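Two complexes come next, and they have one chain in common, subunit A, joined by subunit B in the first and subunit C in the second.
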Partner chain A sequence: MRRRQLYAGISALLASGVIFVFPFVFILITAAKTRQDAAALTFSLPHEWQLWQNFIEVVQTRNYMLLLAYFNSTLITVVAVTLLVLFGAMVGYLLQRRPSHWNTVIYGAVLAGLMIPPAVVPTIWVLQSLGLFKTISGMILIQVAYGLSFTVLLFRSFIATIPRDLDEAAIIDGAKPLQIFFRVVLPLLKPVTVTVIVTQSIAIFNDFTNPLYYLPGRDNVTVQLTLYNFQGQFQTQFNLLFMNILLVTIPPLIVFVFFNRQIVAGMTAGAVKG
Partner chain B sequence: MTSVVLEDVRKSFGSLDVIKGVDLTIDAGEFCVFVGPSGCGKSTLLRIISGLEQSTSGRLLIGDRDVTHAEPSQRGIAMVFQSYALYPHLTVAENIGFGLSLARRPKAEIAEKVKQTADILQLSHLLDRKPKALSGGQRQRVAIGRAIIRNPQVFLFDEPLSNLDASLRSQMRLELTELHAKLGATMIYVTHDQVEAMTMADKIVVLNGGKIEQVGSPMTLYNKPATPFVAGFIGSPKMNLFDGELAAKEGCRTYGIRPEHILLSETEGKWRGSVRHIERLGADTIVFLEVPQLPAIIVRTDGDRPISPGQTLFATPLQGKEQRFG
Partner chain C sequence: MTRKSPYPYWFVLPAAVVFTVLFLAPTIASLWFSLTRWDLFSTQFIGLENYRQFFREPFLIQGLINTVIYAILTSGTKTVLGLLLAVLLTSGIWAQGLLRTVIFFPVLVSTIGVGITFSVLMHPTRGIINVALSAVGIHGPGWLTDPSLALYSIVFVDLWKGIGLATVIYIAGLASISPDYYEAARIDGATGRQMFFRVTVPLAKPATVTVVTLSLIGGLRSFDLIWAMTRGGPGFSSDVLASVIYKQYQAGFYGLSTAGNVILFLLIGLIVLPMTAWFNRKEVDL
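On to the complex of A and B.
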């Protein structure tokens, strides 16, 4: 039995190595190649290591567009995730703690947000009529809208594990509803808040399609869109493209590696009553 | 010191009437215990007094003030919960001072009052700990501290000792009684444990099915129970209660006699029966006597009395200790 477990473990490790590590190694070595070398797209070591030169070139391309993109993506991610945590926790708290007829409606809306696929063109019409199309604030609202349903469900199930006595003790102590939420409930939501911050910030930072639809143009470019700098209809600079991929992949990867444990804790915390 | 008056208080959840009209006066400085079986409405009544639940009708006065519709924090009450309800992310000091910090009192004043409260409850060395690093008894003391610091007119306790083990419970009973003597505040205490009710209360309110069965001092309820329910609820083991032919012979609808008020004899007595089961408690022995045509009679007798199962014994109720209802 033990031997079988060992073999199963080793083969699982090998499989995940092939699936997850090989592509990353491929990106890394291609990003270090010269332009001609990279064009062959082979899984081989570079004849000439050009990692630093490629890095400089990618950063400087189109008047330091990558740095602007980093700034924009970070801004969108930070603001959207802050709003998601705030609204997700508030709606989750209300759904869990205050039963009313409206809850069914709100719950229906939350589920609809998960099930109904987003329609791009009507969303653009709405954004245009509100004057939010092609703006960072419009993009932030889109990200909040897309992520809110999942966030509300996560918070709601977690809040169910916080004893109602705590709310009531705070009421007796003289706390107003907002004080109960911010001083008693929100601090206790830390595990699930970390989960939401990490999963949503990676999703928003890595988002390619939504900025492509709702944030066209060079002014408000986000990191994933900078990939188009090196990919054209007739020619693609694979070495620079892969260097760019490497640069936009690293920040979310670091976040994930560091918060990995908390994410799992937060995901399962609401599942079983402790 | 403040009195609490309930006037025809009723509470319904939908079509279910939980409190069916309660009139009660709790005098200033009194230790009043609400006691009754599960689902009798005692906790609901306490929550109505605290303001966490609104009564459907009736009036509630704390002192001279009508607080029927007042916010919980405006009623001058403090409450200790069964689960302690300590804020897990705050230290003991922050837990105790939470109410004052909500009221935006100066930090120095909060620290001073927290220190005084902690001294009363012997918590001074634990002020920097989080609740998860405390034992059950210490947590209970922090919960009481959180109540004391607000200097309330009325303390409300919702089964505060039911999560503690037996020895700690008896220690906390003593501490709470001493605290009541020290503070002199009006205290209302909910429990389903009649030992807590008997040992701590100045006044016991026995509730059953959303109504008051009887109000009185512990010994009044023990010696002169108004109804068979009270007779059966107060006292352990519970009073032997008989309906039917035996009661009719005694000239009442229900006849009752406490286990400690029955004499056992090997030779003669009122009821002849055989011993079905014996519980040796050390100081006492509880005997379950099987008597023909009657339910089993429970008798409390001396701890070292030699009795064995199957033995034939005679039981005789003590004159003057019998209870006749209806």
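On to the complex of A and C.
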């Protein structure tokens, strides 16, 4: 039996190595090649390693567009996720602590948010009339609106595990609603907050479709859109295109290394309860 | 009860404002705009003309059909393969943890990056897939250049990227099944196959519901992978509703684009709502 498990493990590892790891190795080696070498598209070690030169060249392309993109993407991600945590936790808290007929309405909205594809052009129309189209602030608010449903559900189910006695004690001590929430409840939500932060950060950082629609224009470029913009320009410079892919892949990889457990927890929420 | 509640309703206000203004209002407005000829500055009511056009133009119909094919293929395969992989990766095989990591990581990677990488690997003459095939004497097809194949090649890449999510959801689901059931089945002399179909499959139902629902909605809305790999081509052979919506938007047909949005919304509702109701009604019996 043990022996069988070992052989099964080895063959599964070999198969997954070919299927899942190989494309990443291909990205890495192509990113290290010279222009002619990379153009052959072959799976071979670079004749001449020039990972660093390619890195510099990609960063400098189009007047440091990639740096600007990293800045924009980071800004959008950080602000949007902060707002998501605050707004989502507040809604989840109220849903759990004060059941009323409004809950049905809120759950309906949450469900709609999970299911309905955003109506693109009408959203642009709304953004435009608010003066938020093609702005970073508009993009941030869009990400908040689209991420809320999932966040509320995660917070709500976690808040159910926090005893009400704690709120009661704070109420007796004369705490105001906001104080109870920020001083007593929010600090206890740390595990689920980490999960929300990590999963939403990855989702927003990797988002391509929404910036494509709501944030066009060179000054507002985001990381995923650099890939799209360079795809045409780098048609003959695969080494630079793949260096760009490599750079875009690294942030999620780092997050994954540190927060593997929280990511899986966030993404499998709902799989166990009926 | 004169004292104010410690849980004031205005706690939902910030979320409600953002959600209503940027999501609900545009969704409701889309119903009206889909009935108009629209250039963002002026609208002209044209009734159901946009919808009529949608079901008259062959390439728009093709987009609709492709959406359904794409969603069913990706969702179905993720469900079946995800469950099998989860069973394999909870069976105590060697390097289990490493295998889970390897299969899951693509979920977190940029879809555009994955799409570009695979479109290079699938290059008809120089791509590694066809080079490898020709080494064993097979003349590989044009994975993304053959109109009858392009959509299915993208489905494959979608599975490559998304199977890890289905697998970890199933792993979490399997972990919640009490070992007592397997023990009882073993005492009753159940074979491995019987245990899988009579114990694992019914008791993993919550996970199945999650996987099917998530992957179906995701599949119906799929855009970025298709856009990165083929832009809906060759011709319109791999267009789906979401890429049609984008193309009509780019072309300035805002009314038509919005009608596409409403159709996608209705399609998701028509498929997902009855399915959820059916899942909820069906009780697990052991």
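Convention: the second predicted complex is superposed on the first by the 246 of 274 C-alpha atoms of A that agree within 3 Å, B and C clash if a C-alpha of one lies under 4 Å from a C-alpha of the other, contacts with A are read in each partner's own complex, and residues count from 1 in each chain.
The rule we apply is simple: contacts are C-beta pairs under 8 Å (C-beta built on N, C-alpha and C of every residue); 3 or more make two chains touch, one makes a residue touch a chain.
In this text the structure is predicted, and so the values were computed from the model without any measurement.
Colleague: Is A:L166 contacted by the first partner subunit B, the second partner subunit C, both or neither?
Modeller: first
Colleague: Applying the touch criterion given at the start, work out whether A:F26 contacts subunit B, subunit C, both or neither, answering first, second, both or neither.
Modeller: Touch status of A:F26: second partner only.
Colleague: Of the two partner chains, subunit B (first) and subunit C (second), which one does A:G174 touch, if any: first, second, both, or neither?
Modeller: first
Colleague: Is A:I116 in contact with subunit B, with subunit C, with both, or with neither (first, second, both, neither)?
Modeller: Second partner only.
Colleague: Is A:V184 touching anything from subunit B or subunit C once the two structures are fitted on A? First, second, both or neither.
Modeller: It touches subunit B, and subunit C stays clear.
Colleague: With both complexes superposed on chain A, which partner does A:M90 reach: first (subunit B), second (subunit C), both or neither?
Modeller: Only subunit C; A:M90 stays clear of subunit B.
Colleague: Looking only at contacts as defined up top, I'd like to know whether subunit B or subunit C touches more of subunit A.
Modeller: C
Colleague: Taking the contacts subunit A makes with subunit B in one complex and with subunit C in the other, which residues are shared?
Modeller: The overlap between the subunit B and subunit C interfaces on subunit A comprises residues 171.
Colleague: What part of subunit A is in contact with subunit B in the complex they form?
Modeller: Residues 163, 165-166, 168-175, 179, 183-184, 187-188, 190 of subunit A touch subunit B in their complex.
Colleague: Taking the complex as given, what residues does subunit A use to touch subunit C?
Modeller: 5-6, 8-10, 12-13, 16-17, 19-21, 23, 26-27, 30, 40-43, 83, 86-88, 90-91, 93-94, 97-98, 102, 106, 109, 112-128, 130, 141-142, 144-146, 148, 152, 167, 171, 177, 180-181, 202, 206, 208-209, 212-213, 223-224, 227-228, 231, 238, 241-242, 245, 248-249, 252-253, 255-256, 260, 263-264, 267-268, 270-274
Colleague: If you look only at subunit C, which of its residues touch subunit A in the complex?
Modeller: 5-9, 11-12, 14-16, 18-19, 21-27, 29-30, 33, 38, 40, 88, 91-96, 98-99, 101-114, 116-118, 120-121, 123, 126-128, 131, 160, 165, 168-173, 175-176, 205-207, 210-211, 217, 220-221, 223-224, 227-228, 242, 245-246, 249, 254, 257-258, 261-262, 264-265, 268-269, 272
Colleague: In the complex, go through subunit B and note every residue touching subunit A.
Modeller: Residues of subunit B touching subunit A: 50-52, 72-73, 77-79, 81-83, 85-89, 98-99, 102-103, 146, 150.
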